[in-house]
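Down below is the structure, laid out as structure tokens.
Per-chain residue numbering starts at 1, and chain names A, B, C, D and E are given in the order in which the chains are listed.
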Amino acid sequence: MLEIRDLHVSYGKIEAVRGVSASASPGRITLVLGANGAGKTTTLRAAMGLLPVRSGEVLLDGKPITGRPTHRIVRDGLVLVPEGRQVFAPLTVEENLILGGYTVSKEKAAETMEQVYEMFPILKERRNGPAGLLSGGEQQMLAFGRALMSSPRAMMLDEPSMGLAPTMVESVLSSVRSIADSGIALLMVEQNAEMGLEIADDVVVVARGEVVFSGPAEQARQNSSVVRAFLGEAALSS
Amino acid sequence: GTNEAGESSSTGEGLPDTIKIMSIKEMTGPVSFAGENSTKGIDLAVEQINEQGFLGDTKLEIDLKDASDSTQEAASLATQAVSDKSYSAILGPGLSSQASAISPIAEKGEIPVIYYQAGSDGVLVGDYTYRVTAPAASYYHIIGDYLAEKKVKTAAVLYTSGNPTLTELGEKAVPGVIEENGVTIKRSDTVSNDTQDFTAVTSEIIKADPDAVFLLLLGPQNPRAVSQLKQKGYDGEIIGMTTMGAGNLETAGEDAAGVVWPSNFSARSEVPSTQEFVKAYEEKYGELPNNYAAEGYDAVWLLARGIKEANSADRVAIREGIAKVAAEGFDGAQGPLSFENNDVRVEGVIASWNGSEEVVVTLGDD
Amino acid sequence: MEILINAVTLGSLYLLFALGMSVAWGTIGILNFAHGSTFMFSAMVAYYTVQMVALPMWAMILLGAAVGMVLSVLTQALIFNFILRRNPDLLKAEMQIVVGGIGAASVLLAIAQHYTKSVPFGFSASTFKTTTYQLGAIHISNVQLVILVAAFGLAGLAAWWLKSARAGLALRAIGVNPEVASLMGVDRGRMALGTMAAAGALAGTAGILLTYYLGSIAAETGDSFLISAFAAIILGGIGSVIGVVVGSMILALAETLVVTQLSGTWASAVAFGLIFVVLLFLPRGIFGRKEVRRT
Amino acid sequence: MTTTETAAPYVLEAEDVAVHYGGIKAVDGFGLRLPPGKIYGILGPNGSGKSTFLAAVTRLVPLTRGRLLLDGKEYHSEPPMKLARKGLARTFQTVRLLPELTVLQNVQLGADINDPRGRLRSWLGRDRPSEAVEEAIERTGLGDVRNAWPTELSYGMARRVEIARALAARPRLLLLDEPTAGMNHSERQEVSELMQKLRDEGLAQLIVEHDVQMMVDTCDHLVAMNFGSLVAEGSPQEVVSHPAVQEAYLGKRWRSHA
Amino acid sequence: MIGWYEANIVLIEATFLNFLLALSIQVPLRVGVFSFAGVGSYGLGAYTAAILTIRYDVPAFVAIGAAVVFAAVVGYLFSLIVARLNGLYLAMATIAFVLIISVLATNGGELTGGANGLYGALSDLTTGGVVAVCVVVAFLLALTERGPLRRRIEAVREDPELSMSMGIGVVTVRQLAFTVSGALGACAGAMNALLRTTVSPEEINFHLIVLALTMVIIGGSRSWMGAFIGAVIFTWLPSMLATTGRWQDVVYGLIIILAAIFMPTGLLGLVQSLYQKLRGRSRTAAPAEPPAEEAVEERAMLQALSGESKEGVR
């Protein structure tokens, strides 16, 4: 269970996140929606210990992890797929994956790696090439696969479908669903709201650093303002 | 002298209470051992001069300035000395690069400078600059008898080419001396200023199998080259220059036993004026003086004699006084000193390292 | 033949010196300009110790390694760590780190100059005595053997560790992007400290062995090696242990050949000329990783 | 936007373009012809060579083979910076803003191309943003962040600066690589509208984007590629209903939609 | 005052010479070229000017001009050779260049005076001349730190490929940087040789490289003012510290360390950010708000949303 409670984060004088709360329980996906600059990435990064938290709390399975160093949080069982891929460009694809499994046993890592290769065959093809030469979408696959490697208890995804072709979006999001089904708590920022809403259990909408909607996915799908903002007029009429 | 202080520094006749001299030194940095030792010699000389009343009631006062190894610092200090009229002269730094920067300033600012060390060519320009360290080339010939006595027939030369003094020795003076004594040079090699390892070059030298090896290297390079020669099995003569002195061979220990070098100074020399100096030095510091101390000592005495001759604290007058003293020469810590174009000449001694300390080689009773 | 052995020995000296520097630079991206001073300082501390108690060689090595480790850890904790914390972008911090290292180096150097007055020091008081063996026409000393074994042994160890251990990979990841590395669960601070400790121990070991071999070193010796080490690492390609081995050997061979066949004056010119030419054809050194950058 | 009428029927022509990296054939015999004042889109699975093709067209990677023509004139041996002066501007798939310039200055950099030697006046004194810069900022909705630094921007905002910078050059041909990645539906809508407006003003555009709905709505013509070569070409509807495209690229959703 | 000026004339001149030397490193650094070739040019310039003055007794401005032109040409040719190199590999190549020049000077026989160097280069160069040159140089460089030129320089440094696609001739800019760096370095070297009347190969060593780099990094690497600040600090610091006696080098090292830690943008950067803080204008801009009309629209939507979802928000 991942819980973010009344989080405040600021950059210098500017408060980018002003009291965001969101939670994800094992087996469930919480989708975070919001306009550009709403503070989604800031929330995830702060939860991960990459940004200092001004006030509020982040709990993993009831245990506070606020203020802990990032590498500890990873060992506690929470991982983040960062925005904009962030693969280790000069390292090979396989080395990237090995690093993803840095906190787990070698056997466990080898096992997961096979699953990742199965999910994204192109990664297997390129396993010995530098990750930086992959295409944008291929790097996104690698970033996603790398996060799986640590067999986390909770996972935060920052726009996992960015730059992916429609077929890939489908396969990534359906694997996100199956990861959740295996009992992992998932918090996901996703601009592809249409697909996101399809797999999400709960929805949180953030605007200018504040939560403006929070509820189950069906409720969000019926909320005309949410639909208009994130799916478009067309979806409303259909 | 007069008791009128203040105005007297620029008036022609008579001496003021104190005469201030700037001593530009390398008290820190890579050559601090030279600065340290010459300062001891300087202090001793000043003490003697002031206590003896050599200049009457007038006291010499040394203002010690650290220029480390920076040319710019040294030049700047010299400029300060020129513009501050209370300084009557400069005791110069030991590095050639600093000295060559100071000389034109001194010439233009008309202030006498006495250098020690600073062996390179461009140091002595014009009338205001003097040097109390004789170029090794001027006395290196004394090694000739040693070569004859040891029946040296073949030799190899190894010198540091990045250093002007050593290059001059290695390329001209030493080969000249060697050949004059009927010795053939089998090899001549060079290393650079920052050469650390002598394995390769010593191997080559040993292959040539000379009776004597001449090592003309920077201070810290000496023990290394000596040890490495010995470790490769060399058992002939090793002949160096003054850089072998001043404790540089200590780390080579036994390996360096028997190394000899012509020197401008040795504390064991029997020359009376040297012994006088050594005695006073030992009394004051409880240790034997090295060449830097002797040179510093002689520099002050040259200056003091010049001042006495001039009977004035005026810079131009002092210069003329020094010139007169130099023309006659005097006996100093380094023995009888004479001057050639403002540059000192000494008789020289052959010094040797016996494995634990420096001794003087007297030929014939070996 | 003897030339070759001598060249390999000189190469091993460079290698021993450069190894620690190369490991820290190629992994956590810290180009430590205080490496030379750490090297010298360790030897100096050992020298003052051996003047009091006659120690055998192994004890001297341990002592040197310990001093090097402490100095290096202190440099990391008190300087580089602060720089990195205030400047998380490694690329931007690079220059700051170089300058911080220069500062640390001058502090250590100044202290050493103060105590030794730049007069060379050596370990003649140690119980270890150099002996030379003669194999045909070739002279080889016991220190020379120790140096050869130590240099190649330690290089092999470093290469193996970086290649096979996950920690080695983690170090490389930190060099690429420290923040993302921490997202993988890598404890950047501890890894950096560990690496610098290892690099410092290597510097200390090198300081002891080189002093034994050369007979004596002076306060400034560390800095003269620095530039050769830098050259060897670049020549081989940053981040590659084989690279630094090959780079050291090539540099040493070139210098030895010039010294013995031509003239020592030209040694550094030829050596650096060679580096220059090699870089023109292999812009990232001999074993350097290609720059990964695409549109 | 100003456009000079050109005699050539196509702004950009690429024939049989190939870019190989060792064994990897990133682009392998792909081509297209882009007439003035049209928006063309390229679709294709991840790693099919779209970005590499754009890099080849902008001369940032060397061609293995092929011909490139701008306004009917071959340019595949010219250095990349010449192209910008000929009116070609582009954005990159990864955001590439200059961290030490503000948003405004980043955009101004785009406009500098029309002022190659840099006016002495702007060196010495005032360096007012030109009309083109103001217009680009305004059209991309960056007015409020114009003085912010790139590191302070959210991802979506940074993408807009990329677009604004390209627009500030007042190009005649604009290449956009995933311009709306990281934007939500309504934000994409805005960008799409902007592109259509620009087309109506005569700007030819070539877009790479994975949002098929947006591509269909925006583009006049679609080209689909896979494994570095052409798979299908034609009107948006034709291409999205092409079986090969559906198979390799479009998900179930689109197949069911179509 | 006059007395002080006369007594410290050497340091005053040295400040300006160090300023030019620092600039010869800073100029390439600003366009992302990590080159120390300027230090080599310093040597080239010093020798050229000294040789011309000693042998042909030419006026100072001719000697300096010739040195500058010569080093600029060498710098340009050098840039052609090292066109493929980048980063620290380039740095190494340029260090090699510097050291080779030093060895050439040592072995240059009569022309360069060998290990002795050259002396007696008496000329009519005045402090005023040095200052005038520096003022002109600073003015010209100041022009590159604003407006379009500044933007281009930033672009070339941060992202050469992007610059190319924006029509900036990256290769030309790099070559220009090498050329200018050569000219600046030579200018410093030539003027130093003429003011000090001597030049020796020992001067052109690794320490000079380190000094130049330290001045730039600690002063500030983005603006001529940073180079000037660095030059002032590192010219005067040693004599200021002389009062600390034996430990002056230790204090010097500590100051460098502290500067490296606490001034990531150099002293200049520190001063600038303090100034901005004083004026209450931090580097940060207002937070991103959506464009005005939409904001109203969105606010309406949000109000609607918040009304509906009261129960939803815990």
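Here is the rule we use: a contact is a pair of C-beta atoms (placed from the backbone, for glycine too) under 8 Å apart; a residue touches a chain by one contact, two chains touch by 3 or more.
Keep in mind the model is a prediction, meaning the values are calculated, not measured.
If you compare D-E with A-C, the chain pair joined by more contacting C-beta pairs is D-E. With centres computed from CA atoms alone, E is the chain lying nearest the middle of all the protein shown. Seen from the Cα centre of subunit E, the chain whose own Cα centre is farthest off is A.
Computed centre separation for the pair subunit B/subunit C is 37 angstrom, with centres defined by C-alpha atoms. Subunit B and subunit E have Cα centroids separated by 40 Å. Chain centres here are Cα means. That of subunit B falls 75 Å from that of subunit D. Subunit A and subunit D have CA centres that are 28 Å apart.
Listed for subunit C are residues 110, 113-114, 265, 268, 291, 293-295, each touching two or more other chains.
Shared interface positions of subunit A, i.e. residues touching 2 or more other chains, are given as 11, 35-37, 133, 228-229. Counting only residues that touch two or more partner chains, subunit B has 28-29, 161-162, 192.
Taken together, the subunit D residues at the contact with subunit A in this complex read 21, 44-48, 51-52, 93-95, 152-157, 160, 178, 181-187, 189, 210, 212, 248-254. Listed in rising order, the residues of subunit C touching subunit A in the complex are 166, 169-170, 172-173, 176-177, 179-188, 289-294.
Note for the complex: subunit A touches subunit D at residues 11, 33-38, 41, 83-84, 122, 133-138, 140-141, 159, 162-170, 191, 193-195, 228-232.
Interface residues of subunit D, counted against subunit E in their complex, comprise 58, 60, 79-85, 89-90, 92, 96, 98-102, 105, 108-110, 112-113, 115-116, 118-119, 122-124, 127, 141, 143-149, 152-154, 157, 165, 169.
The touching residues of subunit B, when paired with subunit C in their complex, are 28-33, 36, 161-162, 189-192, 194-197, 199-201, 203-204, 206, 219-220, 223-224, 226-228, 231-233, 246-248, 250-255.
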